[in-house]
Structure formats: structure tokens, C-alpha cells
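Structures incoming, each one as C-alpha cells.
First chain A sits with chain B, and in the next complex the same chain sits with chain C.
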Partner chain A sequence: MMGRRPTALHPNPWENGGLRLEGAAKQAMETGRNRLLITGFLFAVGFLMVGLRLVEVSLFQEGTESRLAGPPPTATFQMERGDIVDRNGVLLATSLATASLYADPARVLDAKDAARRLVQVLPELSKAEVLAKLQAKRRFVWLRRNLTPRQQYAVNRLGIPGLYFRREERRVYPHGRLVAHLVGFTGVDNNGLAGIERYFDDALRGGTTPLTLSLDIRIQHILHAELSRAMTEYEALGAAGLVLDASTGEVLAMVSLPDFDPNQPGAAGDEARFNRGTLGVYEMGSTFKIFTVAMALDAGTATLDNGYDATEPIRIARFTIRDFKPQRRWLSVPEIFMYSSNIGAAKMALDVGTTGQQEFLERLGFLRPARIELPEVGTPIAPSPWREINTMTIAFGYGLAISPLQLANGTAAIVNGGVLHRPTLLKRRPDEPVPGTQVISPRTSEKMRRLLRLVVLEGTGKNAAAPGYLVGGKTGTAEKMGAGAYLEKALLSSFVGAFPMTDPRYVVLALLDEPHGNERTFGYATGGWVAAPVVGRVIERIAPLVGVAPVDEDSPELREAFYVNLDARGRNLASF
Partner chain B sequence: MRRAALIWLALGGAAGFALFELKYEVQTLEDELAHLNRAIRSDQEEIHVLKAEWSYLNRTERLADLSRRHLDLQPITTTQMLTIEDLPMRGGDTQPQRPVLDLKIKTDPPAAPEPALASAGAGQ
Partner chain C sequence: MMTTFARTDTSILGHWWWTVDRWTLAALTALIGIGALLTLAASPAVAERIGLQPFHFVYRQFAFLPLALAVVISVSLLSPRAVRRLAVIVFLVSLTLLALTLIAGPEIKGARRWLVVAGLSVQPSEFVKPAFAVVAAWMFAAQRMDDSFPGNTIAGVLLILVTGLLILQPDLGMAAVVPTVWFGQFFLAGLPLPWVALLALLGLCGLVAAYFAFGHVASRIDNFLDPSVGDSYQVTTALKAFNKGGLFGRGPGEGTVKEILPDAHSDFIFAVAGEEFGLFLCLLLVALFALVVLRGLTRVLQQNDLFVLLAASGLLAQFGLQGLINMASTLRLIPTKGMTLPFISYGGSSLLGLALAMGMVLALTRRRVGAGGLL
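Let's look at the complex of A and B:
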């Protein structure tokens, strides 16, 4: 460079300035480099963060962020509330999807016009009410729940802004009033309000497997049809009926009349919604003698061979105990049962004693509410204090009120060999053992079967005979209590029976509230005339369904098996 | 050096393409699955509704009414029931077996057994 140092003629423009400028340029270079470094560093940090975030998102955070489209639909379909089916799988209650109409008043442009047009499509709505709802200062008002598809289409076609549909479920009862009291019903928000729907409310919510009841819809239908017929024929206020499996306690059918449509429970009155089978408690009358006689036989204070004098009515305190059809003579125990003698039953109970009777009825579960899967269970009304007079009246069914379910269940224990089972509305699995307590001895049970058969063969229950099925049972006619006295004309007529009496499988109960006699019953409205035929017809119709084969009732073996010596007096006198 | 780079480039490209293809294939299959699942659900819902309708149409009162109007059937009586053993044998055995179930309902009440005999029977 120095060598080329030119003359003054060619002055190097950089020569002098070069030295001068060198410091400034270097500084500029320095600055530029620094800036680049900082920028690069910042970029590096930025990229590093992006990279780290990428790693984090792709490797460690997979799946935590929800996808906009939601999870892919699965193939399982499930309603919010489980189904209820009968023992054969027939659907009794199910849920169906419906659309419910609601509005967001803030988005409705012209409330008056919207209300006018909406009422044209849904005439059951009131225009003023709809208008008030659409002008409300809220963001959500229900307009109509559970529209039919046609109504939904019509509302959609109006094209009113601010109206929306929400998918809802509605409870449907295909069999309607037939099982109304047992299955119950739900409210508009699908919460159980009565019956099984209420008792198993939690289990039914989100239940996938259907709830299987012990009911058999065919038997329920037969019982319902026969009871309705009797109720119309005898102009009764109401009726109740039960079919119970004697060896497991399963309720196969339970009817309470009048009934209601569970699809419109609001339309029914309290009377119709009242379950007479479990919630109603009644003084049962003579059917109670089943327990009195069983108690006396089991305690050993009476045998089939002795008896009591029923010539004179019993006068105690201000009461007189007399017989409905007085025989006015000494009666053997089978005769007391057969002719339904109140005097005899009262004396029989006295021999056992008040404590013995209380203890026996307690064992049968008659002094506390029945345990069954229903919220509607009545509490028995027992006398307090329990005096001797109560012991005597309870012996023939007055003074202690129990529900028809308890009566049927107690009868089942008396005839099935003496084992009391807990009644249930749920189907029992055939392989599981049925818990039960022995309340009377099998020997007493066998004697009671003979006596019950005797009532149908020779006594007050002849109308319950279903030829071939060996029916046995007991009639009951109780006067209803009204305003402090018993009403002679207001009766509660019942019949509780079981079949086949050789090895009872089913207990059938029919009860009519205030029936009126007609020409066919010769004016009688007693259990033997109005309730016994119902049980007979029900048994005749259900026996083939439940697989009970008819037998020849006149065969010598069966006649001997059920033979009861009525006139045991001679032997008895001899022993005196 | 150059060749290795080319190979890597080709491999990378192929992997990228394969990934691209796979992703779209998976997406298509997922859409198909979602579609099928939706169809299954809607079918199940329809079956559910049909079951409810089936139960509704099988109301016992309706069946009873239909059978009364269209069928010539009556409730079974005890006289119409026999067991297999009661059926006569086919062919050679001409002697028909005695029916066990002779359930003619007698009009007159059966005579009461003799008290002496019966008390022996009931005495157990």
C-alpha cells in the first residue's frame, strides 16, 4: 500500500479519511454485530420455546385438550332411566326421547307476534301465559315439555327466532293402568314419585340393565279383569287382589281398584292413586280365623278333635259377640272354622291368651308395616292397651287392621308348611335359597290345609271351588267402622285362598269394598258370595298358565287326604 | 457425501408422504367409524321405540279384545287337559289306557264317607 503511495496528483480519497473513519466504522461494525447477536439470541430463545412447547404438546399433553368435534360417538345407546320389565321380560316402563320447547326471551324479536303464532300451532297453551314468558327478563323459559314429532315440526316451520328445542326423555308406561299402583310414575323431570319408580329411583337412574319384577302381566290381567267385573257387578266402591307365590313370597299380581293411568298421573284423584293392596289397612273379619285356629292348634290348646260351646252369644263389657249364622250348639274346631263361628274363635283365642296371641301375630309380622319394595306401605292399627276383649275380637278379625298384602303373606306361611317369607316385588333367582322363618309347625300347616279345603268343600267358600285345582280358603266379611260404630250395610268382603291344597303353590286374595248384593247372590254381599267366585275364576284361569295340572278331586286318595271328622263330640264327651 | 444426502432426502420424502397418506387414511377410517357408530345408535334407538310400541300393542286388554273378535277360542277347561300317559298307544296296543283325569263335574254331591271308616283315616 505504501509502495503505491501516489503523488499528490492522485490523492487517495481514503488516505486521509481512512485513518479518521477507521474508528467510527469499527464501532459501527461492533454495534451491528452486537445487535445481530442479541437478535439472534432472542430468535434462538423464541425458537427454543416454540420447540419445547411443540415437544410438550406433542409428547406430554396429548388428549388433554378437547377436540372441537367431541369424542367420536360410541356404539352403545343408553337412556337416562332404566327400563322396568315383568318376570317374562315384558316391558312395563321405558323412556322415550322427545323434544321440549324452550325460549330465550332476549332473542325473541316480536314477543306478541311470536305468542300469537305459537298458540295457533299449540292450542293447549294460553296466549297470555306464553306472552308473559316471552317478555320475561330471563334467558331461559320452558314453553312446552315433550312435544310430539308433529308438533315439533309445526313449531319449527314457524321459524320464530329465539325458540329452541331440547332433547328430553319421557317416561312411558305401555300397559297403562294395569300395573299403575306397582310400577308407579315419575314427575316431569323423570324423578320417581310413586311405586317402584320411587323406591328404586336411584337404581333406575343410569341403570343399564332392566329391573325385573316378580309380576306376571298375564296373571295381573286376569286378576284385574275378574276384580273389575265383580266390582261393577256388585257396585263396590273399590277392590283389591293379590296373587302370591306361597313358597317364595313373590308377588305375581297385585291389583287395586279404582286405578289410574300412570301416563297422566295428574288427572287421577287421590282415591284412584291409593294402593289398597299395601297402603290400605282393614279389619279383615273372618279370614283372620285362619290365624286364630292355626295359633290354637300350634299352641296345643285346641285340636281338630275338640271344640267349644257356641250356643249362647258372649257378653263382655258392653259388647255382645254373636255368630252370623248361629248354629246354637256345641261346635267342633273344624265346624267353628267351616261355619265361621265368632263365638268359637273368641273362646279359642282366650285359651291361648293375650300374650300368646300378641306374640303369634308379631311373629307373622302383623304388628308392624309390611316390608316390600314400595314406598306406599300402611302401618297396621293394633289395640293399645291390648285387653282380653281385644283378644276375643281379633280372633275373628276385628280390632286389628292389616293390609291385604300382610293377610295374603300370612296365609302363605300357614299353608306352605309354616315358613314365613318376606313378600317381594322383585323376581327371585331360582337357584338362590329363599330366606324364611318357621312360624308354625309343618304338622299344624298340614291340618290347616285340611280345614281350608273343608271350607271350600262344605263351608262358606263353596263358590271358590275351581274343579280340579284343589282350592282351599277362607271367607271374610267385615263391617266397616263409621262414626264410632260398625255399619251393618257397609261391608268389606274378602276371600283368601290357595291352590293346590296338596302342596300349595299360590295364594290368591280378593277383597271388595262395600259390595252390594244382587239377585244372583240372593241379596248377600258377604265374602262367600262376592269375593269367593272371583278367586275361583282367577284360579281356573291362571292354573294352566303357571303349570298346575288338574287332578281328579273325587279320587279316594285325595278324599282321604282332606278328610276332616266334623262330629268329634262323642269322643270328646267320653274324655270328659 | 452427495449420494448419502440424496438418499436421506429421498427417505425423508418417502416417510413424509407415507405419514401424510396414513394420516388421511386414519381420518377416513375414523369418520367411517363415527358414522357407523351413529348409525348403530340411531338403529338402537329405533329398536327401543319399537320395543315400547310392541309392548303397547301387546296390552293384555287389547289382545283379549282382538282374540274375542277374531278368534273362535275359549279359555281352556280342566276337561280338555290330559297327560301324555293318558294318550292311547299307536298301532298294536289296541287297549286304550284308562284316562286318569275323568273330570266330569258331578251334579249330585258326593256321598260322605262312613264316620267310622273316616275317623280311622283321619286319625293319623
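Let's look at the complex of A and C:
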């Protein structure tokens, strides 16, 4: 078997000239052994490297858990969604860590028994449903989201294999329905669905610093309480109210009734979730005369010393403009405002003209949606085309529908010296200047303050008086439009006021939807009877909170400051 | 009971006991024992995850373990000549079966590696591998002893055939191991050094070709070079497992990687060992593999027959390479390569194939007087 060919002609490179058979085999074995040593060496190196690497990854691997003892890491509870607080830091919305119960049906040994015992602990679950879930051919079924710690403990105590908890977050609104329309709410996966929660959804996600709103929960509570009381008393369909900082545009309180509990938004109807304060637009009625008179005074077409004849109703086309309580005589401008004369207001607006009125309302921001940090903002409804008749009806608040927020914000500009601010739901820093645009002259604003005060002292707004706080304001009673005609019995009654009128700091608005008069109001459901008292009481209660001190309203200085000559033709009247 | 054989005992078993390498035998037994332990640790989680009875893999593996031990011992009783005959028969049969898998094999995880025979799925490549090492050794030795015999050519043709079939499966891990071992044997058989360099270069080209031809090979290598690119989740999890285990491990059954890693009972069983039993057991495993390979090679050095030298070292290299590749890729020393850890990973065919290989190694390295006993 080992016969070899002569190699002279075919030199075989593997052989080093071994001639003898024995020698060739030996030589081969020698080479093999030498090379085997190399092979063995390589393997030894390989095993050594694996061993060293093992030691490295087991004991010294960087970037993983340290093998050295140290202080236990402090558990930082990083929530997925930031808190929302009011201007004083009171919690309005926060996230709570909760446990959600799920099951791995494949690991549940006895589904029937598990379902029976689970329902005993969580009675709100349906036994049949739980059983169906536990028998499902899946590896994951939710049984109940967001358990309380007590419920989690109870479920744990059952000791049912195959049930697990997952840490989740649940949004909690400690004040419930009180700030429901403003703060809004989130869905089951913690995404903002309404209000601030939706408008600032991105900022709130992963936000660590709380979002501070301009709201003051105390004022919100007072406004909410007073509006609720009036709504019940006058059997109104709904109500809306606002407290606005006249010099910064910050919303301190905004209430829309009926409301809902943001902790259970699904349980509420559309009507309850509707924010009347910003999303609803209404023909405001006589409160609009504030803007008509301010416009006329600022344009110079009217002064406090002249007036208009309001003896006869105005007939134009198929409309008749008449007064609610006709005086049937010539009325001075202050009287027109005080008695809320539609005829007078219409004539004043005509003197300014349609273009002038459009320009003025545009400047006040009444012809476009309000700019505020809420997704729920209504678009004003303006006449198109804007005819002379529209100019006249808008003068006393018909034909242009705006939101209560716009009404309050416009009023703030009229009384604060004539500067319109952008309304905001976020707290402004005290040191930062508030941007604003001058919409009327400070002199006009001063005159308007006297007129507004006059309304509360002598006119339709007497019920809004809050002694010592120098309330001024204007009533409004609008007939609601129904099926193409205005309904006499369906009213939108409002009062927009400010205090103290020497240097107004806050604008307060109350609005009731379809109130009904009662014995105390002698059957009246007008703004002066149902809304003005709400504003008066709100001011009385919030003034001490916001640091407005009461003054002696009968002091000679204040009488002087609010003096209005009612009868330009010699009939003077000191009004206070 | 074994130790009761007297030195003068001339029965087959008595003779065997005094001539076989008892250290290697002990190491193999220990490996099989640890393999059983780790199968118990890792496989129930995997079985449960894929919807089987928790002890599905355990029952199957435990049925094979005694069988494997029996194969090791009975094959180690054979003479080198009988080993060669056995290898040739196994090679021919399993090569045929390997070709059959391409036609009749069910596709599992994108590969056709198995044949279902009487309810048992058999992976012929596990048997081709050791048998081919012995056949190739025979061919190399034959040409070295008698230059007129075209042994090298035959070995080369067979290599292309086997590797081609493995690539077609596809089983790239084995398709890389088999030529490497073949090359190692050729090297031991005295391949001139220029040829060594040339073939090494050729192998490197093969790797580069695999990189471009197979997407998953490319992604694994890219991943190894830059772990931040792509999905290195499995191997990162495996590394964390070692770290969690530390020196002594978290304790049997206390591991968590087996819940996550898809092949915790096979390719990633080393990570389960690290997590549950710690560094010491892992080092023991490495030491056992090293013992088998290095001691085996030392025994080979004392042999006087080229065929025995080539066959035994080829089988040992196969065993050692497979273990090294598995452990090194679990430890991210090399790019991830799906390869079982000999005797430890789950798999009946793999176990029996290895038992055959190690039985042959034991048979070939038994002490003999002179070389004449072989041929």
C-alpha cells in the first residue's frame, strides 16, 4: 500500500528528498505533529480569550449595573404629563401612577374560579365578560384599567396566577367640574382632548414644570357658585361668566354652565361640554351700547352734552326700532346709555357711519375669532352685506354675534384707558410689559367709566351695586333668534361690569340663557334683574380676595369724579 | 464499577478501560451532565413561549442523553479501521439524506435542514460533518503515503459537494466550519505554506462573498462592527445576562433572558448559563471544552499514524471550533453566528452527531502498541 513512484520527474514539493518509505512516513508524521502544535496553540489562545471575555462581561462590563455596593438609586417618579396649576399654584390637573390589571390567559389555571373571585373583589366587572377574556386564545387581555391601591391590594391577595399589573398614569382633576371647560380633559391614553389639555398637549407631554394658568381658583369658585345659584333661581338653560384682569387681559375665572366632571368626560352630554364662554357666540343686546357710545364719543360725532330725539320709533324697511321703556322725548347721550335707548343708540351709530362702525369693531377684535389658548373658540357671526339697517341694529346689540370672552375683553379696553389686550389663560409675569393696542383715547375711556357708573347708580344696572367697590357696568337683554324670528320670551340676559370705576382692575361678566322671571324680579328676566345681581355679589365677594379696598362712595371727591350732566339743555343732575 | 477492571483484564471492556482516555471521557460526561442541567433551566421558558408543554424539550433531550453516552462508549470501542469504515458508511448515508432534505425536507425558519423519519426529525448535516472529517483525513493520509492516489483531489471534490449542499440548506455556520476543518487537516497533512496562504485567502473571499450574497450575514457583521446600527438586541441582552449573573449567578430558574431570547435553549444557552449559574460555571464549561480539545490533541501527538492524526484532530477541531464560535458570538467577540454549543444546546441530531464524533476521537486516541494496529 505504500508503494511510491519515483519522484525524479515529478518533484513533489511535500517531500524533502526522503528516499525511503519509512522516512517519508516519518517525515509526514513529523510535519503533522509540528503543525498540530500550532493548531493546539491557536485553540488554547481561543479558549483563553473566551475565558477572559467571560470575566470581563460578567464582572466589569461598562454601562450596566455596577458590581460595587452603593447607595440605592433614589426612585425619581417621572410622570408622562405635566401638572396644570392656577395662578397661585393650586393643582388643577395632575397625573397619578395607577396599576392596570391584565391577564395572560395561557397562565390562568382555572378561568372559572378566577373570574368568580375577581368579580367579588371588583364588583363593577361582569363575570361573563371576565370569563370570556380569561378563556381567550390570546396572551394579553386588559381586565380593568386604573385600579386604586386598595383594589390592587385586593386583587393581589387573591393570588390568582396569570394576572398582572402594568403601571399606568391617570389624569386627575382635583377640582372636578369647577374648571372643566378651561382645563379640559384627556383620553384613556393621556392625550389631551379638550381645553388647555388639548391646546398645550405637546408642552404637557414630558413637561416637568407645571403649566401655570391665569386662573384664580377662589374667584372661579365664587363666580361658579353665584352663576349656579342664579341659574337655579331663574330656571335658566345655561349661564356663562368671566372675570378678566382689565389691565393685562388675564382670565381669572371663566364659567360655563351646565358643566361636567372632567374625571368622567364621557358621562357628560355635548351641551355640558360646550364652552359658552369662548365657543358660544351670541347677539349680546344692550351691552353693545358700550361700544356704540364709546365709538361715537371717540369719533367726536357725539358728546356727553348733546343728544338725540327718541320720541318716535325708527321705521326702516320692514323693521321698527323701539325702546324697551320708551321715554318718548329727546334724550341726552348719558340718558340714552342710562335708559338703554335703542333709538338713541341707532342714531348715534348712523352718525358714525357703517364704515366707521366696521372699523371700530374690527379694532376691538369682534369680527374674527378671539385669540385665546383654547381649541374651543367660536367665530363671530357678522352681517354680510353690512347695510345701514345692520349698523343700526348692531348699535344696540343685534346682528353681530360674539363670544362672552370678546364682550368682556372689549369692555376691559373701553374702561382701562383705551388699551385692548389679548386675553390669555396663562399667568403673565408681573415684570413683563403687556402688549396692547390703543383702541379709544384715554379721555373717551374716562367718559365711558362715568357713564358705566351712571348705569349702576341711576339706570338699569342698580342691582349690580356692591357698596364701596364703585361698580360700573351695562345691562343687556337680547331676544334669542328662533326659527327666523326673535322670540320675546327667550332672552339672553347679561351684565358686564367693572370695578372700581376710578381705576378699573377687573371686568366681570354674567350671562344667563333663557332665564325666567320670578316674584322677586316682578316677573322680569332682563339683564338688570337677573344678571346684574350676580355681578354685584361676585364683586362683593372677590374684591377682598384681589385686594380692592372699599371706599366711601359718598365722599365729595368721588361725587365730583362721576358727575354727569344728564340734561345738556340746562337740566343738571348730579349723579352718583 | 469501571474501576473494578483489573489491569490484567483482557476482556474488550477491560482493555478499553485501560487504553481509552479517561480524562476526556470524564470531561465529556461532565459536559453532557451540564447540558442536561442547562436544558432544564432554559428550555421550559422557550417551550412555553412557543405554546408547547413546558417540559417538551426536556423530555426529548433527556431521551437522547443516555443514547448519546451509549454512542460515545460503543464507538470508542472500535478500532481505527472500524472507525474509518463506520465513517464512510455514515458519510454516504447522511450525504444522501442531506441531498434529500432539499427535496423532501419541511421548511423551518426559512431553512430545509431536517428530514422527518418515523416521527423524528433528523438533521443529516450533523452526521455529515464528523463523517466527512474522517473521510477527508483518510484521503489526505492516503495521498501523503502514496502519491499516486488522488486523495487530495477526492477530498476537494467531496468538500465542494458537502459545502454546496450546506449552503443550499442554507446552513452557513456549518458551511463555514466544514471547509475550515478541512483546511486545517490539509494543513496538518503537510500542505506547502504558499498553498496555505492561497487557501486562506480563498476562504476570506468566501466570507466576503457571503457578506454580499446573504443579507442577514451582512447585517450581523455590520452590527458587530457598530452595535449602534441596527438591531443588536439579542446579543446585548445576552451580554446583560452575564452581567446580571456575576460570579455565582442568580440561581437556577431565576434568570430572565430565557424569556426574551428566541433561541435560549440552543444558540444562546451560554447566556442562560451565565445568568443563572454565574461566571464559575461558564469558566468550567470553557475549561471542559479546552480540556477535551487540548488533551485530545496531546494524545494525537503520541500517535504514529497520519490517518489517526488527521482524523482525530479534524474531529477535535470541529468540536472546538463550534464551541468557540458559539461562546464567542454570545460574548460578542465575533459577529453573531447561529451555532449550537456542543453537548449543551438542545438538539437530538446534534447530540448524536457529536457523540459519534467524540466516540471516534476516543477510539482513535486509545493507546495502541505501534501503528500496525491500524491497517
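Quick notes on this one:
Please note the rule applied: the second predicted complex is superposed on the first by the 487 of 576 C-alpha atoms of A that agree within 3 Å, B and C clash if a C-alpha of one lies under 4 Å from a C-alpha of the other, contacts with A are read in each partner's own complex, and residues count from 1 in each chain.
Basically, contacts are C-beta pairs under 8 Å (C-beta built on N, C-alpha and C of every residue); 3 or more make two chains touch, one makes a residue touch a chain.
As the structure is a prediction and not an experimental result, all values here were calculated from the model.
Applying the stated contact rule after C-alpha superposition, one finds that A:R541 touches chain B and leaves chain C untouched. Of the two partner chains, neither chain B nor chain C is touched by A:L426. In the superposition on chain A, A:L122 makes contact with neither chain B nor chain C. Of the two partner chains placed by superposition, A:A136 touches none, neither chain B nor chain C.
By the touch criterion stated above, A:L193 is placed in contact with neither chain B nor chain C. In the superposition on chain A, A:V434 makes contact with neither chain B nor chain C.
Look at A:G176: by the touch rule set out above, it reaches chain B but stays clear of chain C. Once chain A of one complex is fitted onto chain A of the other, the partner contacts of A:Y563 are limited to chain B, with no touch recorded for chain C. Comparing the two complexes, no residue of chain A contacts chain B in one case and chain C in the other. Per the touch definition, chain A reaches chain B in the complex via residues 72-77, 79, 90-92, 94, 96-97, 172, 174-176, 178, 217-218, 220-221, 225, 304, 467-469, 540-541, 544, 549-552, 554, 559-560, 563-565, 567. Against chain A, the residues of chain C that register as touching in their complex are 48, 51, 144-148, 184, 187-190, 192, 239-240, 242-247, 274, 278-279, 282-283, 286-287, 289-290, 293-294, 297-298, 300-301, 304-306, 309-310, 313, 317, 320, 324, 327-328, 331, 333, 375. Chain contact summary for the complex, chain A toward chain C: residues 1-5, 7, 10, 12-14, 24-25, 28-29, 31-33, 35-37, 39-40, 43-44, 46-47, 49-51, 53-55, 57-59, 61, 64-65, 67, 106.
Chain B contributes residues 30, 33-34, 36-38, 40-41, 44-45, 48-49, 51-56, 58-61, 64, 75-76, 78, 81, 83, 100-103, 105-106, 110, 113, 115, 118-119, 121-122 to its touches with chain A in the complex.
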